[in-house]
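Common to both upcoming complexes is chain A, partnered first by chain B, then by chain C.
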Partner chain A sequence: MELIAIAFGAIFVNNVILQQFYGLCPFLGVSTKKSSALSMGMAVTFVITFSTIISYAIYTYILKPNDITYLSTIVFILVIASFVQLVEMFIKRFSSSLYSALGVYLPLITTNCAVLGVAIDTTVNSSKIFGGNENPTLMMVTIYALGISLGYALVIFLFSAIREEMSAYPIKRNWQGIPIALITAFIMAMIFIGFGGIV
Partner chain B sequence: MAKKQKSIREIFTNGLFKQNPTFVQFLGMCPTLAVTKSVESALGMGAGVIFVLVMSNLAVSLVRNYVPREVRIPIYIVIIASLVTILEMLMRAFAPDIALLLGTFLSLIAVNCIILGRAEAFASKNGPIKSMADGLGMAIGFTGGITLIATFREIFGAGTFLGMQIIPDTYQISILIQSAGAFLVFGILVSQINKIRMNRADRNEVA
Partner chain C sequence: MTVVIVLSVAVSVILALLLSFASVALHVEEDPRVQDIVDMLPNQNCGLCGNPGCKAMAVSVLNEDSRLSQCKPGDQEMRESIRDYLNEHPDASGEYVKVKM
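Take a look at the complex of A and B:
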């Protein structure tokens, strides 16, 4: 039951884009077409889930016992950058169709702050998201990371569908592009506030 | 000598207005929306970015001739992340309230695209003094941008400015200090700034 609450909270209530503002650059940049938004969502889901598990392991078994948690930021960045590089090499070698779908987005993910943000939130700041629990289990962290990234994929996909529709309508010149996208995000964020009442 | 000084001033003001990271380039959007709930946290974030961007531009421009091209990005990332770690320690020691207010976004300065972007686009090609001027201009432009957003959100959302009560409770629009309001305020401000810029561009064309 607790795990379901964590997953639901991560996908809807504390939605990574609309509530926590992680990963906005790709959100506004890539979300003009449904197909590219879907690929980006898949790539982000994969990278966030696995890099969070790796960061959690490093934090719990290396940084914390040795009392060097102040190194977390720099260690996590290196972990994420090398993990993304590894994934890129791996799918380039074994699946060219997957590479052509995700390839362009993978290098972008290194600087997507959602990845580092979730890694830091589940380790250093874990008491904030798990209700005061400073030692979350691996299961909780994995479910949270998966929920966050599914929430990311969901919102970026919905948003791209809205933007595709919107491109057919005349919009005043000074509102075109980013401003109207921000107003759309505002309306979506208000809708997502409604989920807060469920948990 | 006079010519060189002018160019440094041009580099500096470039980041303030023409290439403003917040309203023109749309870089570093996550902190732009996340820390603008109050003017205090916006200024704290701005101070952090000024420190990291000036120092990272300086460091990158000093090592620019010794770094092989193929591995430059990882090296820049390590430089920036180390500076952010120093900043985290300094803030926790001397301004713990602001460090708490910024939370995870303090560490996330490390992946702020403005900083890596300036390292790659400017500091890796220019000398240390010009790079510092560029970093300072960009960082102050960013601080000004987020402070502007924060001013609107705090005054109309919470009725206060830097904690001082300005608008009575009944007339506050509390959605503006919730997460959703950030998108609204930022969207409106960008559209109005676009309007001013477009009008100016039209006038220049006619003239």
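Take a look at the complex of A and C:
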């Protein structure tokens, strides 16, 4: 039951884009086409889930017992950068069209604050996320990371579907592109506040 | 202090091994001229040419989409060396790139 609450909270209530406002750069950058938005969501899901599990293991078993938690940021970034590099090689090898569609936003996952945000939230700030629990289990952390990244993928996909649909309608010239996209994101964020009432 | 050194060395070595293994396993054949042109460009990745980074600029030059003068930090010497290089190196099927200055 607790795990379901964590997953629901991570996907909807504390949605990484629309409630915490992390990772807005690819949210606006790669959301013009549904297919590239979906693959971006999958790439981010992979990076967030695995880098969080490894960051959690390093933090719990090495950094915390030895009292060197001041190293967490630099170690987490190292892990994240390596995973992004791995994803980049993988996508370049198996789909060069996807590689060019994602373009510069793919290496930019390294600096996507959603990834570092989840890694730090589940370790250093874990009491804030898990309701005062200073020592979350691996299962809780994995579910939380998976939930956050699925929330990211869900929102970027919904947003790209809306933008794709919207491009067929006449919009005043000075509202085209980013301005109308930001209004859309604002309305979506307002709707997502409603999920806060469920928990 | 020892723990810090051991940890940083261990983490870096493990990740480096992982990435070097992946770069062999996931190797992609690409035009060998791309890397040579990247080496000749200024490598500031400023984006003033309108391409995202120097590597994209090199690919764009090979596709005859960009002019070399779009590269703002580059000087006349760089443009001539890239032109001479491309005039000497055709692609795999023997076709030369028409360099736009």
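A few comments on the model shown:
Everything that follows uses one rule, which is that the second predicted complex is superposed on the first by the 178 of 199 C-alpha atoms of A that agree within 3 Å, B and C clash if a C-alpha of one lies under 4 Å from a C-alpha of the other, contacts with A are read in each partner's own complex, and residues count from 1 in each chain.
Here is the rule we use: a contact is a pair of C-beta atoms (placed from the backbone, for glycine too) under 8 Å apart; a residue touches a chain by one contact, two chains touch by 3 or more.
Values in this document were obtained by computation on a predicted structure and should not be read as measured data.
By the touch criterion defined above, A:Q19 reaches chain B but does not reach chain C. Contact with neither chain B nor chain C is seen for A:S97 once the two complexes are overlaid on the shared chain. In the superposition on chain A, A:L71 contacts both chain B and chain C. By the touch criterion defined above, A:M89 reaches chain C but does not reach chain B. Of the two partners chain B and chain C, it is B that touches the larger number of chain A residues. Within chain A, the residues touching chain B in one complex and chain C in the other are 71, 78.
If you check the complex, the residues on chain A that touch chain C are 58, 62-63, 66, 68, 71, 75, 78-79, 82, 85-86, 89-90, 92-93, 96, 103-104. Put simply, chain A touches chain B in their complex at residues 18-25, 28, 70-74, 77-78, 81, 110-113, 116-117, 120-121, 124-125, 128, 173-175, 178-183, 185-186, 189-190, 192-193. Listed in rising order, the residues of chain C touching chain A in the complex are 3-4, 7-8, 11-12, 15, 18-19, 22-23, 26-28, 52-53. Of all residues in chain B, those touching chain A in their complex are 26-27, 29-30, 33-34, 74, 77-78, 81-82, 84-85, 88-89, 103-104, 107-108, 110-113, 116, 175, 178-184, 186-188, 190-192, 194-195, 198.
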